[in-house]
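The following pair of complexes shares a single chain, subunit A, combined with subunit B in the former and subunit C in the latter.
So, the complex of A and B:
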């Protein structure tokens, strides 16, 4: 008994320590690519390929953490959050490409536009519960993407149409590095916002709604206002990521700013990490995005999978992702974050208990 | 006027497929409380089975419908019994994600086996139609509508006139009470999901007649099944039939709007769905739960 306690104590500090080392490396290694660092012959610890992947990972940390605010804290299964990503991307993109605004001035308007849109659609949608809300939010996500691609005025597409929207390149030294830290800043904001919300009266109200909406209302929580505020907050963070994405990627269209699969990926990441927690969605986003990149063969470190021709690799990656999704849902419903901090240990009896809780 | 009648007829005919896609989806949703995101994938599995039977044995798609239904029933039964039953008591997000995982696996296995080439079934009578003055009614579409209505009738018969069907309705009304009177939930859930999958398979068979198929062609059908079930209302086969036909009409009339009506097909459908959800959540003909 004492031995297992000791063992779990040892685990308790080793894992956060390892995590801190990895995070510190990820944060600082890119700096070695600066001209100043190269001039004094520091070894190059991270190249452009890594920046790109690290920026994508940071983007998904924002998306999963933002989804967690509406999906994890309020318990409303939002399936159309990608609409906010696209609205953020197109707000910044249009202001830069058509109105010739500078990027740093156009970026703050992305979260504002997304939040306003979320508040407007949230008022009717958040009256729906359960599946109905999930489906209706999915519908909004699909419909907004289609409208953005196809709306035209006097024969001219308003938002660039099917051929998309090209932005002028934001000229700065080390563009990759700049956008990596920008996206990282957005991720830090998202996590900090979640942390603050969870410690506020607002956060307690949201959790009360998740646990029992009628009881929360009786206790004096203004459920409509709280739900709409949470939805708008999630939208603002998602829109911020979209705004950064538009200038980083330089080209935006319906396919890369309204991809339906992002809806599922952000939820999967939040669930794999642990919904309703501060760091769970971020952990899930990092792990799963690394896995997705590895399986599809775009990481610099790749392994030749046996019996698999290279052209079948992306397909196989999707199959593995699907199986993983099923395993997570069945066996680890509280996410991997449940194994840290000594609350539970990964063991056969844990898996058996999770299985028994939900099956008939 | 003839144009209008033609559009109404085309809309009702297009609705046939939506009826077939919707009834299975609505059954699983209503009884198991699962929004089955793998429904479109099951539809496409049915479509590939039909295509394979046509290609290898030259079997007419309409004749292969019962075979496809039986195969998909077995697959759906096994899937529910072995996997989905494991999380049936979890919050709805879990069933959402699980069925999406199934969807991902099915579609990508099809991609491995059949590649992403377009496949189509061309029968001797495709392209022919019944001409009544200025109005044309394509035979394949007419037969598809008839098959879809027959499917709905068979499903309604099973649900209302057989012992198993009544047990399914009992479970939908009150799971715990149903278990108390001796209904085997594991079997019954699997049976219900099997029925839903069989309907999806039949829908897939009908789809091969009107469009070329690829492994990813089923995804729009999951979304459309949502809309159909919500339009009609949950809980009754007849409501879904009305929802499917109404959706076909909306689609055809939406596409006929001069200018860019066709590119807004999804936006129109979902706008309509959100409108119905917000103003009349039980659907046009559904029962209030």
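So, the complex of A and C:
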């Protein structure tokens, strides 16, 4: 008994420690790309590819953490959050490309536009329950993307149409480093917002709604207002990521700002990491995005997969991802975050207990 | 005239239909400030529907509900709660992922508009109401670990934490044994002693006679009898409604 306790205590620090190493590496590696660092012959830890992958990971940390506010805290399975990403991207993109606004002035309008849109569609949609809300929100996600691509005014596409929208390049030294830290800042904001919400009256109201909406209402929780506010908050954070993406990527179109698979990916990341928690969705986003990049062969460390031609690897990545997520949902429904901090340990009995919890 | 002046809660001709069934059929009653009113009646008499109409879960089809002189007919549940009307549910509805203490704190964080507390103070208030209902030793537990009587206590604690002026209790003593009923009676008296008006639905007659000053009998959505509990319970129509005509005749004989 004593021995097993000691053993678990000895290993308890492993996951948080690994997490801290990853975070420290992500924060510090970019600095080696600075001229000053290169001048004193520091090894280059972050090249162009590194920045590209790390910025995408940070972007998914924002998306999954933002989804968690409506999906994890309020328990409303929003399947159309990519609409907010696209709206954020196009708000900033249009202001820069057409109105010639500077990027840093155009960026704050991305979350605002996304939040206003979420509040407007949220008022009717959040009256729906369960599956109805999920399907309706999915419809919104698809519809907005189509509208953006197809809206014309006087024969001219308003938002660049099918050929997309080109933005002038944001001229700054170390662009890769700048946009990575910017996206990382957005991720930090998303996590901090979740942390604050969970400690506030607002957060208790949201969880009360998730657990029992009627009971929450008779306690005095304005359920409609709270749900709409949570939806708008999730949209604002998602829109912020979209706004950064538009200037980072320089080119935006329907395919890269309204991809339907993002809807599913952000939910799966939040679930794999742990819905309703502060750091779970971020952990899930980092792990799954690394896995996606690894399986599709874009990481420096890679495995040659037998029988798989290299152009089929992204498809294979999706298949393996799907299988893995089925296992996570069945055997670790509270996500990987449950193993951090020593509350639970991955063991056969843990898997058995989870299976009992998740099956009929 | 005087009843109008002192009534805190007043229902006039409240009717609520579900399809062809009138769950409430022209119910008129009033509750004075500081009263303890018992509502009894056979299953399906409309007792819970009455609470649902007052607390705003169902808008009545017709009739008026007045609270402290103003109409609250069809007002949304959260607004009714903010006006100072708290309630429990017959089928308990705890917030499953929260601890007992957090459940009670939600009541204190929201509830009556003038009594809303910030998180820190809300947890202090939560501890007070848990003490009142005797759940202090279980404050840190997950609600899923609670027995049914404890869950009923938590329903009351959560409602009391909202600092209501009127507390609507829907069968908080159903399924409790005699000892537990005595404890629950103490709990209701303790809440009432803090100046809260109480309306309680109960099947256990000992409860009605034990704490209520007045009882209203509902049958098929209508008020069948009203008055002091001992008198009402001896009313022939009431016995008939509960036990059937033949039993009532036998009692008479």
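The rule we apply is simple: the second predicted complex is superposed on the first by the 358 of 360 C-alpha atoms of A that agree within 3 Å, B and C clash if a C-alpha of one lies under 4 Å from a C-alpha of the other, contacts with A are read in each partner's own complex, and residues count from 1 in each chain.
The rule is simple: contacts are C-beta pairs under 8 Å (C-beta built on N, C-alpha and C of every residue); 3 or more make two chains touch, one makes a residue touch a chain.
As the structure is a computational prediction, the values presented were derived from the model and not from experiment.
Participant: May I ask you to decide whether A:156 touches subunit B, subunit C, both, or neither, giving the answer as first, second, both or neither?
Facilitator: After superposition on chain A, A:156 lies in contact with neither partner.
Participant: I'd like to know which partner A:205 touches here: subunit B for first, subunit C for second, both or neither.
Facilitator: So A:205 only meets subunit C here.
Participant: Going by the contact rule set out at the top, does A:222 touch subunit B (first), subunit C (second), both, or neither?
Facilitator: In the superposition, A:222 touches subunit C alone.
Participant: For A:276, using the defined touch cut-off, is the partner it touches subunit B, subunit C, both, or neither? Pick first, second, both or neither.
Facilitator: Only subunit C is touched by A:276; subunit B is not.
Participant: Contact-wise, after the overlay, does A:124 reach subunit B, subunit C, both or neither (first, second, both, neither)?
Facilitator: Touch partner of A:124: subunit B, not subunit C.
Participant: Of the two partner chains, subunit B (first) and subunit C (second), which one does A:214 touch, if any: first, second, both, or neither?
Facilitator: So A:214 only meets subunit C here.
Participant: Tell me which partner touches more residues of subunit A in the superposed arrangement, subunit B or subunit C.
Facilitator: B
Participant: So which positions on subunit A get touched by both subunit B and subunit C?
Facilitator: In subunit A, nothing is touched by subunit B and also by subunit C.
Participant: Within the complex, which stretch of subunit C touches subunit A?
Facilitator: For this pair, the touching residues of subunit C are 55-57, 76-78, 80-82, 86-87, 89, 93-98, 102, 105-107, 109-113, 116, 118-119, 122, 158-159, 162.
Participant: Would you pull the subunit A residues touching subunit C in the complex into a rising list?
Facilitator: 199-201, 204-205, 207-208, 210-212, 214-223, 276
Participant: Going by the contact rule set out above, which residues of subunit B touch subunit A in the complex?
Facilitator: These residues of subunit B touch subunit A: 29, 33, 35, 83, 85-94, 96-98, 100-105, 107-109, 111-112, 185-186, 189, 223, 226-227, 230, 260, 263-264, 266-267, 269-271, 273-274, 277-278, 281.
Participant: Hey, which residues of subunit A end up touching subunit B in the complex?
Facilitator: Those in contact with subunit B are residues 71, 75, 77, 79, 124-125, 127-128, 130-132, 134-136, 138-140, 142-143, 146-147, 149-150, 152, 264, 267-268, 271, 312, 315-316, 318-319, 321-326, 328-330, 333, 355, 357-360.
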